[in-house]
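Listed next: structures, encoded as structure tokens.
Below are two complexes that have chain A in common, paired first with chain B and then with chain C.
Now for the complex of A and B:
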């Protein structure tokens, strides 16, 4: 994965509700704190130049494969594996979707045949362990605790 | 009005299958995670996901977001299609640029060029080029000076036309 220069995106909204952005690249070695400071500075000088209003700002670190590798199998990307995790806070969950789920990970027998993902499959166990033991969290910042269920879903 | 960060930063992965179709997957990391640590985490989960998928990952991004919790109203009649185009020289003798939507008419010359002596434009120039600035071109080359600045108009899209037309 080749890391590209990070960039700051300011999102502006005009009086009709339409949105557009200002994208400004920052030095490749910029930390989040430095980029945050740059984003605040850019906000302070771009805002007065525009009749639109700045509603959000984003700091984006992007990477791309070059050259693009070939897909290893034939499963379509719309056929996804949906993994439902319970998180550390009460009644808090995380849903992780893996596109192009391998068909051999789906249970072969029983009422969930072809739909439920085999939670005991070594690759599934490794994936769940990584998510639970790593720094990953749900959009509310709550860490993942256990994998509750996993199933196949067509997501066109 | 204040910009508030979201509770978590977002890791996003673009998958591409054998037919060329694409799909995305997202997972979060705590907002306070350093970019280097988050990218390391992205590399780890990408490897784990590739073991589950027949598709491959062609791109990934890490995004830290902030939202204004009480944004002011935009000035009446403002349109994002009216842009201020700023083009900058870079240290490797190339150029880079960005546009500012709904550029204020008060910073324009009668010709449609941008008045570089206007204090607001001078402030922008100082922020982008001045000492301590971290801005650069996409290739990482430092920005050295303002090359061109002018008003331009983008074509309206269906989404940017007035909703009550």
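Now for the complex of A and C:
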């Protein structure tokens, strides 16, 4: 995976509600703290230039396969494996979606045949173990605790 | 597009069981992704509550098949039927479906199928008391006469022979009244 230059994107919204953005690339050797500081400064100097209002900013670090490899299987990306995790706070959850889930990971028997994901499959275990033991959290900053449910969904 | 506010009475309401054909689960659950997006909700708090609620729904969707619920209901029925009436069930087939006989009917007759069942043992005790006390001939007990009649006979015989003092006669009469 080749790293590409990170960039800052400011999203602006005009008086009609239409949105557009400003992209500014950051030197690849910049630290996260420097990029965040740069984003804050950029926000303060772009704002006065426009009649639109800045409503959000993103700092994007990108890596890309080059050349792009072929998909190893035929499953469509819309056929997703959806993993629902409980998190460390009460009544807190996280949903992690894996597009193009492999058909052989879906349970073959019982009422959930073809839908439930086999939680004992080694690749599933490795995935779940990583997410609950690493740096990962839900959108609200709460760390993942256990894999609660995993099944196939159609998410075009 | 109108943004959604998370229902304020969410924690006060109970849940409904909604039957969804298993083939449609991927489509129905996938359609809920709309509610996982910040843009759907009016505020950050609405978003956090909505995200958690819809994640919880998706977690529940594949945990309780209606067939499993009905099967567990049937297991409870067979447990009670076996314990109360002594009905014996057996698995006659597992492929392609689990078949257990006898089938569960709309109602259970009062017939006790096994004396070792709860009602069977209660019936046994009832018949024992009827037979022992009153000398009633029952399907399980046929001894005659009963204790009550034997006591009456004893009292009558002792009174006739005059070999019983008044105190013992009073005690025997008292016992006879107790089992009456």
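One rule holds in what follows: the second predicted complex is superposed on the first by the 156 of 156 C-alpha atoms of A that agree within 3 Å, B and C clash if a C-alpha of one lies under 4 Å from a C-alpha of the other, contacts with A are read in each partner's own complex, and residues count from 1 in each chain.
The definition used in the following text is that a contact is a pair of C-beta atoms (placed from the backbone, for glycine too) under 8 Å apart; a residue touches a chain by one contact, two chains touch by 3 or more.
Quick caveat, the model's predicted, so the values are computed rather than measured.
When both complexes are superposed on chain A, chain B and chain C fit side by side without a clash.
In the superposed pair of complexes, A:50 makes contact with chain B only, with no contact to chain C. Of the two partner chains placed around the shared chain by superposition, neither chain B nor chain C is touched by A:125. Using C-alpha centres, the superposed arrangement gives chain A a vertex angle toward chain B and chain C of 150 degrees, stated as a multiple of 10. Once the two complexes are laid over each other on the shared chain, residue contacts for A:4 go to chain B alone; chain C is not touched. By the touch criterion defined above, A:80 lies against chain B and chain C together after alignment on the C-alpha atoms of chain A. If you count the residues of chain A touched by chain B and by chain C, you find the higher number for B. Looking at the shared chain after the overlay, A:93 reaches chain C, while chain B stays out of its contact range.
In the superposed pair of complexes, A:115 makes contact with chain C only, with no contact to chain B.
In the superposition on chain A, contact of A:139 is made with both chain B and chain C. Of the two partner chains placed around the shared chain by superposition, chain B and chain C are both touched by A:155. No C-alpha atom of chain B lies closer than 10 Å to any C-alpha atom of chain C in the overlay. Comparing which residues of chain A touch chain B with which touch chain C, the overlap comprises 80, 94, 97, 138-140, 155. Here chain A touches chain B in the complex through residues 1, 3-7, 12-28, 30-32, 34-46, 48-65, 68-78, 80-81, 94, 96-103, 105, 123-124, 126-127, 130-131, 134-141, 155, going by the rule given at the top.
Chain C contributes residues 22, 25-27, 29-30, 33, 36, 38, 47-48, 51-52, 55-56, 58-63, 65, 67-68 to its touches with chain A in the complex. Within the complex formed with chain A, the chain B residues making contact are 3, 6-8, 10, 15-19, 21-31, 33-35, 37-39, 41-46, 48-68, 71-80, 84, 96, 98-104, 107, 120-121, 123-124, 126-128, 133-140, 142, 159-160, 162-163. Taken together, the chain A residues at the contact with chain C in this complex read 79-80, 82, 84, 86, 91-95, 97, 111-113, 115-116, 138-140, 148-149, 151-156.
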